[in-house]
Amino acid sequence: MKNKKNKLEAIGLNAYYGDFLALKNISVAMEENQVTAFIGPSGCGKSTFLRTLNRMNDYIDGFRVEGEILLDEQDIYRKEVRVDELRKQVGMVFQKPNPFPKTIYENVVYGLKIQGIKDKELLMETAENTLRQTTLWEEVKDKLHKSALALSGGQQQRLCIARALAISPSVLLMDEPTSALDPISTAKIEELIYELKKNYTIVIVTHNMQQAGRISDHTAFFYMGELVEFAKTKTLFTSPKDTRTQNYITGRFG
Amino acid sequence: MRTSEKIIEGLLWLSAAITILVTAGIIWVLLSETVAFFSEVSIMSFLTDTEWTPLFAVKRFGILPLVAGTFLTTAIAIAVALPIGLTIAIYLNEYANASFRAVVKPLLEILATIPTVVYGFFALTVVTPFLQQIIPGLAGFNALSAGMVMGIMIIPMISSLSEDAISAVPKSLREAAYGMGSTRLQTAFGVMVPAASSGILVSIILAISRAVGETMLVAIAAGQQPRLTLNPLVPIETMTTYIVQVSLGDVPHGSLEYRTIFAVGITLFVFTFALNNISFWIKKKYQEKYD
Amino acid sequence: MTNSDRNRLKDKAFQVFGVFCTFIGLAVLAIFLIDILIDGLGRINWEFLNNLPSRRAHRAGIYTAWIGTLWILLLTTVIAFPLGISAGIYLEEYAKKSRMATILEINIANLAGVPSIIYGLLGLEIFVRLMALGGSLLAGALTLSLLILPIVIVTTREAIKAVPRSIREGSFALGASKWQTVWHQVLPASFGGILTGVILAMSRAVGEAAPLIVIGALAYVPFAPASPMDEFTVLPIQIFNWISRPQAAFATNAAAAIIVLLLITFILNGIAVYLRHKWQKRIKW
Amino acid sequence: GPQYSEDADFSLTGSISIDGSSTVYPITEAVAEEYRYHAPNVRTSIGVSGSGGGFKKFSRGEIDIANASRSIKEAEANDARANGITYLQLSVAYDGLTVVVHPGNDWVKEMTAAELKKIWEPEAQGKITRWNQIRPEWPDKELHLYGAGVESGTYDYFTEAIVGKSHSSRGDYTASEDDNVLVQGVSTDPYALGFFGFAYYEENKAKLKPVPINDEDDSNGAGAILPTIETVKDGTYAPLSRPLFIYINSVAARKQHVVDFLQFYFEQVPVLSQEVGYIPMPPENYREEQEKLAAFIAASASR
Amino acid sequence: MKNKKNKLEAIGLNAYYGDFLALKNISVAMEENQVTAFIGPSGCGKSTFLRTLNRMNDYIDGFRVEGEILLDEQDIYRKEVRVDELRKQVGMVFQKPNPFPKTIYENVVYGLKIQGIKDKELLMETAENTLRQTTLWEEVKDKLHKSALALSGGQQQRLCIARALAISPSVLLMDEPTSALDPISTAKIEELIYELKKNYTIVIVTHNMQQAGRISDHTAFFYMGELVEFAKTKTLFTSPKDTRTQNYITGRFG
């Protein structure tokens, strides 16, 4: 397999919440059209790192980064970068489902509408497509114009994924996207991720090591703010170099 | 434990019920004199006559000119305060950094603290002469400058309360919007403002209420000339102005002239009641869509 | 121009407009403050704060007025805030979505629009005459309490509404009663917002003169009130009085009195703003 | 400074409550202020709830003395009687109403009372709207009128004196019960004609031009007469000077400290009223009022 | 194994959100000192059912139940039942972590404090114990008096579990308590559940069938508001009676 292009790359990244150093000198490259999984114990900085990749932490008071993050070889923390454009390229699904307090339909087409797309048919088409992709269509097709807040947790999360897909970003960041889903939906999402990989670069945080094993091409293991190990998923799971990784994946940790 | 819960709930209920008592008290105070008033003046002419001259030798009791005056100044005030106040709220919440917000918000709240008589003189001696240079034919007393200055006065009601409402929207919603590539403006108007609509609406209602009830400012700067007009360039009189002038004036209490203020008071009461019902209805309809 | 350029332009334009609006607010404020300071600052000295009313502008002071204002603020706060916050809690946490709740809600919004002078007439009949409190501080404070009650209730409700349901559920699930949940979770979490209401309501109360004049607050009181049953005057009445005098020197006095009035509210607001700031920093969902 | 004078009377104690017209307030305030030095243990307080509000309280026996810028009305007097209150009205000073125009107004040299009537009477509404309708030689410019608010005693008096019937006037003029507001209006409007209290003119002489008034009655001064302290005091500035009053409750007049205060009032008011911008009455009038007061006190005490 | 006492029992339970029938005629018994797992696809009503067990849905407008829920053979929906007392017996951990905006310490001792316990030492002891039980102690012991909101998602969820344990309820309801946790913490929580079972009756909603298999004694499979099958966990996973159950547990669903 020839080496793919690096879609996203972190170089010597430090991240701080005020004085607290949450990420320590992280350097890692995420290849195009591949799935990269972040694993590690709770609080190790997975979410923090994921959120620096589309500058979502910009809004947290006292948060700052040092180092570089390259998207298509351009530092996204440059002055002239427009975060809204950045985020259209780098979509995101969060750990806790966060639908807008609007109708289901409005949630899905939101990203398109803000881009100025008004064509009703196109919007409806996209809504249906993405809702089907996320296995939600059958469940919600009769209540597209009802509030999204009345959905169950799992339904809400799938809606958020659908919403992110609707703007067809080139990178998709997912922070434990399936942690609130049942196995069926999870399997579908995993399938979907596999599908999406053809056109998208995907970065996913997961607690589920089986999931990481199933869907990712590369896996990064974080521990207490450090990137302990980064390798092909198979390699990492079968012959980890670091004992901490070893301990973690075999569940013999802590 | 359980009884104490009951007692607490009872006390809380009592606090809420007091507001009903207040209303009852107001209606009682107003009605007792209004009944006497309407025994002398027909309700029809009160509601339809286009002139209000109860203190002149030839008395006419048409409330419409006072209603028009109140409506005019309130509308101008809201036309000033709503866009500016809401823009400030959004700007502070979405664009400004936390320390700027922490300074500016309380500073603006000072605007609501300045005694309204000061605003009145400001409107009369600064704003009106300034406007006269732009708008020839603007009278020395007019609804325009009084309304505009009143708008400035109620900006903090809208800006502060709306900002509170917007910042109470869960952070995750904002992140979702940003995550979709929204600009700050789109986040604000597409997600935050709708999600905070109830609080924003309340701030607007409070602001309108304040504008409707404001007295000294309009008494000084808008004139005391009841006139059935929507022309903002001429002197008018609001219901509140009339009430305060008569109740603190030299008119004998208990006379028909004095009773007019109670009839005006009732009208104002009914007026705001209708307004509130409408906004309540709008709010309910609007919220059903999302909740 | 692409759509995204347009959006960006709109975004920038709004930012500029936002700065502009904020600036307008601040500029008007600055004009007011500077104007008043120029007019009145030179007049403020120990005598001015410590003198009784006088026909001679240079000898007139605001001693009884500022003490009366402090009294009124204190009493009004003590009466209105527990009452208003309680009512807000009841409506938001206890009242079922019933007809009664709807009526209460409309009623309160309605009370917010009743002009202050009508409250004066109410206070005159109920407190001064029916309850025989006379033109006392207590009668004045009760009147102003009713006046600001709607503001306190409405802002309390909004602040409480903003507390996420998950927090209440967390509390209930630990066996907390309704009141415990309100007291330990909802109120602390919404206190910042409630303080905004407090600030606005105090600002409203402190500047009111007309309703107090109606209930019988005085313009000339050569003795400082010592108990809630005493007669009183307040700064706004003093200010109105001086502003309508023909002599220019009284206008200067009025400006100086306004500065003192603003100072009093600044200090009180400052405390509230500080508390709010502290509170809101602690609570970020 | 000292809180009481050397001959202060500490034996007098009690409180005196006064309320009513804000026009009379400055005079009574000035007296009360001086009285403070004279009798430091008497607590005098004064409200400003208007002549109407003052009479209401007065007729219910809630206050001892009412300040009034107009006489008590029939209904108010009946109220007082119904509550068993007898009272005495005393004049304390004059308030001269001054007719003014913009200082740049070079055509108005004087006006007659009849011309004022022609301008202000109800029939003039919407008709007399230009200066040249008053005198043809005056310019063909819009006439802008400013005057006291219709709920004020000033308006009451002005209509009585000029139109001949109280509360009878045109309505299309700019009204305010705050004379400072009227000063502001007239001084910035070249086509203005207005009236307000003499003191407000005195304090703003530079910004206003007073109009001499000719009442066409030479028995009280010939020709057009400008309002001054003298012309008001000697009655030649007619018909636009009005008396201001206080009303005394007979029950209060039985109290030693109230009596003392009232006697003090009339000793001081000739000087003090002028000091605060009003015009004192001629000395003989004061003597008359003092006699009435003495008789009233005596009558009250004997009851 | 002798038949245990029924700690909790639903009899003919219907639950409505307004007109929507979310639970249809559910009858099921949860035995004392056992772990009962609820599984089923997203939106099937697991959370709804769990929340009726401590009347947490009382606060949702338009929600109502028909039928009975017995706790120790007493209907918890009787008039005279005090919901606060009920919830001291029936503790709960939610799907989304919901720490109070207070310090970590205050979160843990909240349940005790509202019971009027003021003894500082006792409170501290309980806090330490429960934080240790939930594997959080080492991570937070230095910031006990810092805001709980600054914890990561997983840390927050463990804190919520600790908080629920602190009042030592007799029944513990858990709505996907580990969905936000890493495997290590998950394993610890599972161990903890195993420990707790000795003294508590535990009802857990989970999407993770392995987890259900590992920790539960009985499993209930819900589907579209119906209780399709309820059996010993082993039985249900090895020889399900209903084809829908079969399809679901083998992942051949939908």
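In order of appearance the chains are A, B, C, D and E, and numbering begins at 1 in each one.
Note that a contact is a pair of C-beta atoms (placed from the backbone, for glycine too) under 8 Å apart; a residue touches a chain by one contact, two chains touch by 3 or more.
Because the structure is predicted, anything quoted here is derived from the model rather than measured.
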| item | value |
| --- | --- |
| Partner chains that chain A and chain D have in common | B, C |
| Dominant chain pairing [most C-beta pairs in contact] | B-C |
| Rounded Å distance between chain B and chain C, as computed from the means of their C-alpha atoms | 16 |
| Chain centre separation (chain A, chain C; CA means) in Å | 48 |
| Approximate Å spacing (C-alpha centroids) for the pair chain D, chain E | 82 |
| Numbers and ranges of chain E residues touching at least 2 other chains | 96 |
| Chain D, residues touching no fewer than two other chains | 22, 48-49, 53, 178 |
| Multi-partner residues of chain B (at least 2 other chains) | 170-172, 183, 186, 247-248 |
| Residues on chain C engaged by chain A in the complex (per definition of touch) | 3-4, 6-8, 11 |
| Chain B-facing residues of chain A, complex | 54, 56, 59, 61, 83-88, 91-94, 96, 98-103, 110-111, 113-115, 147, 149, 160, 163-164, 167 |
| Residue ranges of chain D in contact with chain B within the complex | 21-22, 48-53, 55-56, 68-70, 73, 75-76, 79, 122, 144, 149-153, 155-156, 159, 165-169, 171-178, 181, 184-185, 188-189 |
| Sites on chain A touched by chain E in the complex | 17, 39-43, 47, 95-96, 135, 139, 150-155, 158, 176, 179-188, 207-209, 248, 251, 253-254 |
| Residue numbers on chain B that touch chain A, as the complex places them | 98, 170-183, 186, 190-191, 194-195, 289-291 |
